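Accompanying notes for the structure given below.
Order of writing sets the labels: A, B, C, D and E. Residues in every chain begin at 1.
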């Protein structure tokens, strides 16, 4: 297992390198570059001036040269400097976003895993009951609502109308930091995010559990006099977990990328906001840096998921 | 310990399956009693309803598909109280399962949970019904494994079902059923996957437990040798009905139903083989096919294959008649057999 | 007991249909889907407004007898747009769901059943695709593929399959150790046989859930694409870009019919598809309990 | 008291930018703690002094002399002409990342003859120099001199400890959340009324509106279609102003389909601009028949291009539109993605369709747009038509870059590739006019040429809006392009508790 | 004898489990001639299934070779192997796990034909029907699912599946243990019939020594992954040479109620494959063990024509009691 993990991690590093090249290439293929993004089309500048700005950033160099220059900076440890926020090193910029993202996504994930698995189990066990139908309808409604819409509606209901929650941000401006304040700002976006994720988890949990409930070993467990609750939770659930774990794994992996809509409506200073912002401004170094860090997370989480498979189901061999 | 009241008394049991095109009666009008310290063997045609009878006693038929349509199943519990399993609630039933009744399922692979070690699965009923701690329960699991003849029990307990051979899995399920010293053990073909030495060992173990604790056993098997060795009484089933029942010696030496007779005749006997091979003689099988449950003949279900069949056989289902002390047969011509 | 004449037991399809028909939720789904589909397909025949006709004098008017669902910010009839949007959104969603389900299933199943190397290479590729930031990916694809229905379908499909691939793989990793799969191998089954005769039926539950969720996801993703100059170019209607109108606070608050109706249509469609999907899954699962 | 606002929301904002040298927008906020030598008055009509108490221009338009006021940096050090010279040199030096460098090329030398005098020498007269100077925020030499020019932009000074001379001083920036300023009690025009000003960042304008209505902020920019909600609400005051951006349909003159003037005229006649303005903009825009709408720049006798689809059809017929293009789809490229713009384009498309011009809008993000239209060898099929805007004020000469033949890419951003000698001549004449009094007349000529030759299908100049809580007093905000700067007098802002 | 149909040489198999290496099979060698039925008996867990599966490469052996009809199976490419597959079939021990829960019996039975592209759909169904009849199942079973059948019925479906491809070699892993004796008799008769008519070759794994005696020409006795004895069945049952074989034979229960035979239930623990005893692996439970048994692994040697045993003692009288 350890050797396998190490090998996968080694492959992962290679993949990150490949990823960086791929993204580098993709970025050059995207229409518009940082300089194009820098100017407001209403207040235009001449292409000649822009070319001057480009050459100052080295954007006129041949691609391999640019890539090597980036790689050199990246390996030097700070992943280069942002083009838009020239005073900030990418590594710092990205790292400062990871905290808020982990906080937001982590909270949302914890809520959604608990809620999603619990409702999924109830739905599967009480199939076609009222509870199942209402959970299903709720979940599908959650899945069918665009994130920006639910975020805006949430904002309107809870911040503007009821005034229970602040309208966004991570802390009250101008006040000293306090945990309570943070939690107050966290609840709304985290729960909105959790709804959609929980709905996904619920659907897969339900389907997968239904598949397992008819198995003979579930009957064996009943024959042993195991309480129905534990029959489901211990004997059936674990066998049904693989797809759900996969789903949760990829959600976690991608969570580092932040939640674009929620973060932008709630102005949560996370990775999603950073990424969108840097894409809008074609801030190449930031995009590369952020992507690599997200990529590293995805790779690690996928590895963990694969190991989890083997832990959950001994018949599956990693390696 | 000895009480006249049997541990298990099944009366008029009828179990049906709902499938498209109507109901299928898999078990029909089955009466069966098992006393303390007694072993009743259930033999018969494959598909005749032996497993379904066992599942009915455990009330573990697939919900919404299989159900008990009629009859009563009375059980005398460990504490001496009696109850009718058919009318118990699911909660009360749960107390009984695994504690008063242990069950060995026929399918050793699929009835073991693939994701838990067998040690864990064997110790589970002990934890549930005895409230034992994990460590204590595990320790009992080791000794259970040893008693069913699995060497190196500690290591085996840590293995997963797919890492065991077929026989070991089967022994693990036996250990699991015995975990709480049940008063009634329902064993559905517990030794089919076992080689004769292990089989002998298991049978010895069961006999020992029975002697020590007065355990009642309902033993489903195809192996008539095993029946002879372990059972006191034998019930022969054919298409959902008991066709003959009686003390083993009596039934084997003096079968009073043509099916039982055919069954005994088809058994290969050690030592006959060489002779039969040389003479090109075949094993005596019962001619004809088993009628499908969806499509049962009226009257005696065995009549189409029966060499003794007469017209009356096709008229009505024969009653289970006493043909001797404790010996019953469901054949109108038992006297001629 | 009367002798019954031997009746042939019904085939698997008949039994599946039977199971489907006794599933109330599934029948409800069909009852929901069929009229809605019929309406969407025939609306030009019986509805007088066209989806793209503007009427600046009648803009932002609420539901009325004339305009059942009201009008939007340039006075187009919301009902006509919901119908027209339904055509486009459902086409995009169903096509892209099919496509991504095929890709995802094949990738996952080949990884799980095709041996060590297929697994290693396939899954690392999935990792790579999962790590690509979707926005970048979209921008590039947008500049290559342009707008329109089929580029949109392509883009959405390419974006959505990795999760399915991993889930299918997880399911089949366990399946490949089962005796009946070994039995098929023992009869000389090649990869295609394992994929379609064993892999597919045994991951059908995942596929069904994926498909229903992906339909919703695709419709919403299409809406997101229009920000990047991809997707269904306005003024062509799609449920997604109609929902986008709610980004304006005024529409969100004062003209709710402009997003409630497409939103409601979307939810109804997803519910119907889900119930039908669940029903089909149950119908083809021989062990599922009847209810 | 604290005033919170979304100062960087909307088109004039530039969230996360702290470096005025690199700023293309965001001056509303930057000019609260930095100050330029001169700025526009609050109506954006003429430049007035800020750190310069007065200035003189030599008759040949080649020497500008500024007298500087007595001011102090936030750290207490005096502001001198040396600082001004230092700043001008930074701004001229492209290595610092200055976006002003190109516009300051006419400045050949910067002199500081004494503590309070700054002299700029020009190599050629420049009508837009004053406009440019409003954007040059003075920077402290003592804090920045040690940093090499090419490292300046990367220095964390900008977002951690910048000092300026303004009424408020920088206290802190919380990543992507807000910037906080505190009153500069030593401010030369008196102690500010507010204790703190907070600029909250909003990634989504709708969220800013929510915060405003929740009472968490007192001011933000709003899109015109959000205005009606606030107009009725007594607790808010709506501030309206000219956006100084003219919206137009830019004909790609390299595309053969627009060669015929009658086709372009037909486009103008086919679009019911009044209806769009009335319904979609709620009346908050002025139809434009050339790049200008200001009375002094628009001659009386120009063609109003009234809505007349019949005439449009007739013109197209005359021109032989069926042969030129007919019903083939024409890509209409735009970088406007707001809900309002989506509606406008839907209306425009429907109106053009009525006369037989089939345009297909394609909205892309700004970088994509720029990369398509600014490419010297641009692909015509990607943008036969653009829906865009161009700054037309406060300096009327701003539009030159978009229309002058000499500005065709790569030389400049004349993205429609208009090659109209008359127009170029008119523009050159207006820009070269040294006499301020005659300048308006010159621009009227530009307007006239545009109106008759239609390099663009000019549409309208829309208003822009800010909404401020009525609790806030003496608040000055003008929806200037790029956020200003202009004379906002933040030291006078106050808030009623 | 001409070249045997199946020839197994030095087959070994080990699993890594919990960090230790378990040697499940060690140096197994035997031949099966064409048309021959060879029984494989042995204690549960001794590796019978593993041999059966390794022979057909359903699990990959760790080392050793398997030749089938002159073709070296080990090392054959997967495509080439697939082409060989229909000629050799496996009947699974566990009738529950080896039938797909999602296929009807018809689909299960025609699967092999379909894989091998044999016949039209109708012909395939016809063959499936014939196979069902052969194992005495009603034709209507074709549209039902495996879980609707009893254990014995499923076992027969498994047998029918192996037969549809008309293989030359069948490895039957306890094919009749779940069947009642009358069906068992039918199936045995069927298998014998096929063997005689078509020259079917079979490796027959079973616990039921009576069945083995009846159906097999030769018998291999396995203990802890090693071959203990090989002999023709008449020879083996009449003159068992290895102490383990003798113990096995004596443990067979008989139907004669009360006739307690001298059952020699083996005492002692079955050693674990994780640390097998040195020398003869059976010595820890052998009633006739002597010092020398622990010294060296006994060779499998011929003690009479066609009768091989792996025991160093030749001096144990038949029927000797410990």
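As a working rule, contacts are C-beta pairs under 8 Å (C-beta built on N, C-alpha and C of every residue); 3 or more make two chains touch, one makes a residue touch a chain.
These numbers come from a predicted model, not from an experiment.
**Student:** Using the touch definition from the top, list the chains contacting both chain A and chain E.
**Tutor:** B, C
**Student:** Pick out whichever of the two, A-B or A-C, is joined by more C-beta pairs in contact.
**Tutor:** Counting C-beta pairs in contact, A-C comes out ahead.
**Student:** Between chain C and chain E, what's the gap in Å when you average each chain's C-alpha atoms?
**Tutor:** From the centre of chain C to the centre of chain E is 50 Å.
**Student:** Between chain C and chain D, what is the gap in Å from one C-alpha centre to the other?
**Tutor:** The computed centroid separation for chain C versus chain D comes out at 45 Å.
**Student:** What is the distance, in whole Å, between the centres of chain B and chain E, each centre taken as the mean of its C-alpha atoms?
**Tutor:** Each chain's C-alpha centroid was found; their separation is 26 Å.
**Student:** Can you compute the centre-to-centre distance for chain A and chain D, using the mean CA position of each chain? Integer Å is fine.
**Tutor:** Centres of chain A and chain D (C-alpha means) sit 37 Å apart.
**Student:** Mind pulling the chain C residues that touch 2 or more other chains?
**Tutor:** Those would be 6-7, 9-10, 15, 139, 143, 177, 179, 244, 247, 249, 252-253, 285, 287, 289, 291.
**Student:** Give the residues of chain D that touch two or more other chains, as numbers and ranges in rising order.
**Tutor:** Each of 206, 210, 364-365, 368 in chain D touches at least two other chains.
**Student:** If I count partner chains per residue in chain B, which residues reach a count of at least 2?
**Tutor:** 62, 107, 109-110, 162-163, 294-295
**Student:** Would you mind writing out the residues of chain E in touch with chain B in their complex?
**Tutor:** Against chain B, the touching part of chain E is residues 15, 17-18, 41-47, 49, 93-97, 136, 138, 140, 148-153, 155-156, 174, 177-186, 188-189, 192, 207-211, 213-215, 233-234, 237, 247-249, 251-258, 263, 265-266, 269-272, 274.
**Student:** In the complex formed with chain E, which residues of chain B make contact?
**Tutor:** Chain B residues touching chain E: 17, 19, 43-48, 50-51, 106-110, 149, 151-152, 155, 158-159, 163-168, 170-171, 189, 192-201, 203-204, 222-229, 248-249, 252-253, 262-264, 266-274, 276-277, 282-286, 289-290, 292, 294-295.
**Student:** Would you mind writing out the residues of chain D in touch with chain C in their complex?
**Tutor:** Residue positions touching the partner: 206, 209-210, 223, 225-226, 228-229, 272, 275-276, 278-280, 337-340, 342-343, 345-347, 349-351, 360-365, 368.
**Student:** Where on chain C does chain E make contact in their complex?
**Tutor:** Interface residues on chain C, with respect to chain E: 6-12, 15, 178-180, 182-190, 193, 197-198, 201-202, 284-287.
**Student:** Going by the contact rule at the top, pick out the chain A residues touching chain D in the complex.
**Tutor:** Going through chain A, the ones touching chain D are 30-34, 36-53, 56, 81, 84-88, 96-97, 148, 152, 155-156, 159-160, 163, 166-171, 173-174, 263-267, 269, 273-274, 276-277, 280-282.
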